[in-house]
Amino acid sequence: MPNCVDKKIIKETQEILSKFTNSKDNLIIILEEVQKKYGYIPQLAQVEISEYLNIPVAEIYGVVTFYSRFTTKPKGKYNVSVCLGTACFVKGSKEILERAKQKLGIEEGETSKDGKFSLDSTRCVGACGLAPVFTVNNEVYGKATVKKLDEVIDEYMKKD
Amino acid sequence: MKTVEEIHKIAKETRKELELRINTKADTREKHILICHGTGCTSSKSPLILETFNKIIKEKKLKNVRVIMTGCFGICSKGPIVIIRPEDTFYSMVTPEDCEEIINTHIIGGKRVERLLCKDIKGNMVDRLDDLAFYKKQKRIALKNCGVINPEDIDEYLAFDGYKALEKVLTKMSQDEVIDEISKSGLRGRGGAGFPTGKKWLFVKQEEGKQKYVVCNADEGDPGAFMDRSILEGDPHSVIESMAIAGYAVGANKGYIYVRAEYPIAVHRLEVAINQAKKYGLLGKKILGTTFNFDVEIRLGAGAFVCGEETALLESIEGKRGQPRLKPPYPAHSGLWGCPTLINNVETYANVTRIILNGSKWYASIGTETSKGTKVFALGGDVNNVGLVEVPMGTTLREIVFDIGGGIPNGRNFKAAQTGGPSGGCIPEEHLDTPIDYESLAQIDSMMGSGGLIVMDDSKCMVNIAKFYLEFTVSESCGKCTPCRIGTKRMLEILQKICSGNGEEKDLVKLNELANGIKKASVCGLGQTAPNPVLSTMKYFADEYKEHVVDKSCRAKECKELAKIVIDETKCKGCDLCKKVCPVSAISGEVGKVHKIDQSKCIKCRTCMQKCPFKAIG
Amino acid sequence: MKEKLVTLSIDGQKVQVKEGTTILEAAKKAGIDIPTLCFLKDINENGDCRMCVVEVEGRRGLATSCIQKVEEGMIVHTNTPDVVSARRMVLDLTLSNHHRDCLTCIRSGNCELQALAIKYNVQEVKYDGEKAKTEIDDKSPSIVRDFKKCILCRRCVSTCKKVQDIGAIDCAQRGFESCISTVGNISLNDSNCVFCGQCIEACPTGALHEKDDTEKLREKIYDKDVITIVQTAPAVRVGLGEEFETPIGENVQGKMVTALKRLGFDKVFDTNTGADFTIMEEANEFVDRFTKKGKMPMITSCCPAWVRFAEKNFPKQLSHLSTCKSPHQMFGAVIKSYYAKKMKIDPSKIFVVSVMPCIAKKYEITRPEMEADGIRDVDLVITTRELARMIKQDALDFNNLEESGFDDPMGEATGAGAIFGTTGGVMEAALRTAADVLEGTDISEIKYEQVRGEKGIKEAKLELAGKKINIAVVSGLGNARKIMNQIKDKKCKYDFIEIMACPGGCVMGGGQPIKSSKIRREQDVRKNRADSLYNIDEKSTIRKSHQNPVLIKIYQEFFEKPASEKAHKYLHTSYNKQNKYDI
């Protein structure tokens, strides 16, 4: 029998689903909503979506793992993301990324053990004028340096 | 719903109010404070600046001043940007703390705040936006409204001929006349490959079938390109209007805009614009009192570069993995859910309304023999003026990089310009005078691409750059076909081997063979063009590849395993700066005497190289 | 309407083909065998692998011959240096990401990738590098997935999704990390996979195969304290020979029986007799439900993949399934009860082995219901392929073996039992018995042509004893789902439905010899094997299950009558809802 957490996910996913018709092309929009809600896409949610849209769950998993915005594991409370778009790369964003790995003690795509930080890289957030750029959740930090990254992360480390 | 007359009235009245936006001599006591709300300036807190201005104005009970959010002005590296109209004073790098002074000195006092004025490369103060060298060689067609109107206010769009083109085609032109006009204009797809737009429209129109679709490709995936995003952020209605025009021309009544979810501001503005257009009856049923129905829906891209490929995009709209389809059949014949589908990119659409209003002759008079009109570039990398530029086709790269872009910063030299992103090539100095159009870029092993233009100075290693693009392609390959899925990975492995100092000469042969094979055998455009960055650098910077492989050295010192950073004894003045900045204390030497780097400690971070005022380290 | 013809040139030869023909098919007509790898006709037509590329004059890039259609005046070149070098590169790259342990691979000798490597004389892999995935999923009793061998052709995915409408696996991740995966990469055992094994039949390499139980079996055969009794399903005898190069579908029953005896089994029985038991029970169950207005329609239950499918997908419709066990389970139960008693053997000493064309049967014997008095009906299942493997290991010269018959007293089976191995066979066999029961006579017209043939859904209206009966014969789970949805929506007009999970029935089961994409394209494997079974039926002296003297005797001595209490204990089973996924 599903436990309470499972039941909650099932119920909440059903609530999200009720906003959409069961047309198959709604899959990505639905996944976007689920990702927004949980910070990742739980397997149980995938099963619920599968039943609703009548798409095999393996196919949904295929879609989830295809698009980089979707994750199957929860991200950290603060997701640090370093832009590796060309403009940022040319301006040295690889070094920023390396520093972030060092500083947070995690690799790209990982979440710290306490669940506070996760790290990934993105391809162009569109703020090329400010290159190199990194973001923490939705906050964009432009003209970044290793020093600036240190300061910003230190700030977040102090937060809850 | 508004009647045609009501819309005309709104347009006329708003236009009067907005005269000062484009006319420095406008007869008005009003002042408009325009604040860029593109992604770049928004990231540097421009919404807070807007808020602060409004607060001060309210506190001081000022009249005749309006604060307006606009789209991108173009010169992003100077952001956040504030412009005061009608005098067109241009303040750069404004902070919320500066607002008070701008209001007091400029708005109330009538004097410029000199410290906030922008300086050009030579250090001269620039008063007006248009006086900036950055704008001198530009011609704004697609970006016409960007930075002029409030993108979230349909009335402002209407004021500048908005939806007039749609009215014209619906009331005065037949479907064929519209297509004919687009064909004659010479407009070609701005997404990269440059297929004639009119022809594409004609193909879709000729298809039988009741249900047809019009799609806007706004999945700007090229890392380092933000033209489409800026258009959507600055002038969303122009894209929506053009899609409706296309819908009319090809016989479709449903449109989809496929836009990256990574562009939240663009998505928001599109949503606002679509809702406003619906409210005014400019989308929906019986548009402008005619029998034409047209609706637009937004679909979000979820982070896959390959979805910029048109058939992959269609798959994605259908809710599937964005894996390209085999062509033929082309989307014009069998697209969304098997129905005839027209796909154009944002910038292509942005040109359509202007062509309809100004005529194909006017449009065809701009540009080169084979490439008409203008092209928007996202100029970035090692160049002084980073930003968005729109130039007539045929402008040379040199003009863009040096005149508009202001040249290379930090006293460095130009090494290469990269166009076409991961599908394009690196153009060396010898080709800087190539006029930009589809054909000539292809001739020098690059491509127009969607408009990313990244400048690289001589501190960049071209093998490393090729590796960077391959890393991108490998991580973005959809995995469908063998050559791209495994082949690009193998190419990357060879490049990694070369960059780590283990390359052999036969690796260069292999790399070349593989690159050419992948080009031929891959299913889609991504795979077919993925080897381009490698092939073009191998062609123009062959000596660098050789150095990596034979001499085991990287002249730019970017490939750490190959780099040996040393201090030139003849240049070192013993200023001690390098010693201070070295993070691992690898540098020793007394002040005033020649310094030395302990190679066993050096981590090749290049900090000392960048800091040395005498360029003694390399 | 007359079909339009298209003329084109392939390697300088003029070819005329019907409009809509692919370049690949047209080339075949010109005597050119373009190599393919991911292509599986009508099932997997994606053009992903790029092996079949050709040059079409005037077209940019290389064309995908397996999909692209011919056009009037087209000029095709299939062997230019560009084409061949592209194919070589594709092959090299594919091999570079493949664990090339051919010598120890279950598919060595019957691997499409290996065949291409031989054809193109690959002596070294030029672009070797990192390999993608290396896990093995062998949790289920039926199937093993070996990621090291997967070349991402997606033939399994298309089969699972398009043919079977299951979608247990799909392509996940992207780029070099792409892989075929279940949701969250859980084991197939915990997924909605029903073990039909059609993916194995589709796989060109050794990435998917049955769980091999031959070693386990050999130990039992050589265990002196154990009496090993083997039974063979009807479809095995028309598939086994193919592993020894006989024509497709040739009936090798006699040699097979000799081989089994030589392998060391103590007794060799025929599952066809088990099938006769199934008919006795099932036909009577049908007559009972039909005349007493029981749960209708009634659906056959001899296919374990179908049963697992129903339990996972249609839990509320399970009462439509006949409660009959499948033939080999019934037969195992009979062996361990009636036969053991009669021969005075301790049933716990008997080890019943079923040779099946099926991998789901490996799972079926593990179902908790499949026992009586704590004694399991069947102890081990091996597939046709595993039997061939054992015969080869024992160095038996199969083609030159003498023929021999099944052992008494259970060897005698009817033609009705034989046709169980093909789609429509169970229905036809059941109708022969049901008709006699309903009419109360021995009807001479016993051929039901309406239920024969390759169609996925066949239907017929019959009149038996003055009553109209609507029947349907369904093969392939995609078709089964359609019918089940009709039942769910209460729109089903049938009274009696036969369902087999594999398209074509057991002759095309997931345990049968694997046929390459080329053979599947060029020959009708199903028809050859099915015809062979119908041939056995034709030649049988007894062709109705209820007339089988062995059965009559056992019912007299043991079960009394169909559906008796004893019959229920040994020959019937029950069904329960299963979770679609264990996550």
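A, B and C are the chain letters, set down in written order, and residue numbers restart from 1 in every chain.
The working rule: a contact is a pair of C-beta atoms (placed from the backbone, for glycine too) under 8 Å apart; a residue touches a chain by one contact, two chains touch by 3 or more.
Treat the numbers as computed from the prediction; the structure is a model and nothing was measured.
S.K.: Identify the chain whose mean C-alpha position lies nearest to the mean of all protein C-alpha atoms shown.
M.R.: So the chain nearest the centre of the shown protein is A.
S.K.: Counting only C-alpha atoms to place each centre, which chain is farthest from subunit C?
M.R.: B
S.K.: Distance-wise, how many Å sit between the C-alpha centres of subunit A and subunit C, to the nearest whole number?
M.R.: 43
S.K.: When the C-alpha atoms of subunit B and subunit C are each averaged to a single point, how far apart are the two points in Å?
M.R.: 55
S.K.: Roughly how many whole angstrom separate the Cα centroids of subunit A and subunit B?
M.R.: 24
S.K.: Could you say which residues in subunit C touch two or more other chains, in rising order?
M.R.: Only 171, 173-174 qualify.
S.K.: Indicate the residues of subunit B shared as contacts by at least two other chains.
M.R.: 304, 321, 476, 478
S.K.: Can you list the subunit A residues in contact with two or more other chains?
M.R.: In subunit A, 59, 62, 66 touch at least two other chains.
S.K.: Over in the complex, which subunit C residues touch subunit A? Could you list them?
M.R.: 161, 166-174, 181-184, 191-192, 580-581, 583
S.K.: Which residues of subunit C touch subunit B in their complex?
M.R.: Residues 46-50, 53, 61-62, 64, 67-68, 82, 85-86, 89-90, 93-94, 96-97, 126-127, 129-130, 152, 171, 173-178 of subunit C touch subunit B in their complex.
S.K.: Give the list of subunit B residues in touch with subunit A in this complex.
M.R.: 39-40, 42-44, 75-77, 79, 221-226, 229, 261-264, 299-305, 316-322, 378, 380-382, 386-387, 418, 421, 452, 454, 456, 460, 468-469, 472, 476, 478, 605
S.K.: Within the complex, which stretch of subunit A touches subunit B?
M.R.: 24-29, 31-32, 53, 59, 62-63, 66-70, 84-91, 95, 122-131, 133, 138, 140, 142
S.K.: With touch defined as at the start, can you tell me which subunit A residues reach subunit C in the complex?
M.R.: Counting only subunit A, the residues touching subunit C are 43-44, 46-47, 55-62, 65-66, 72.
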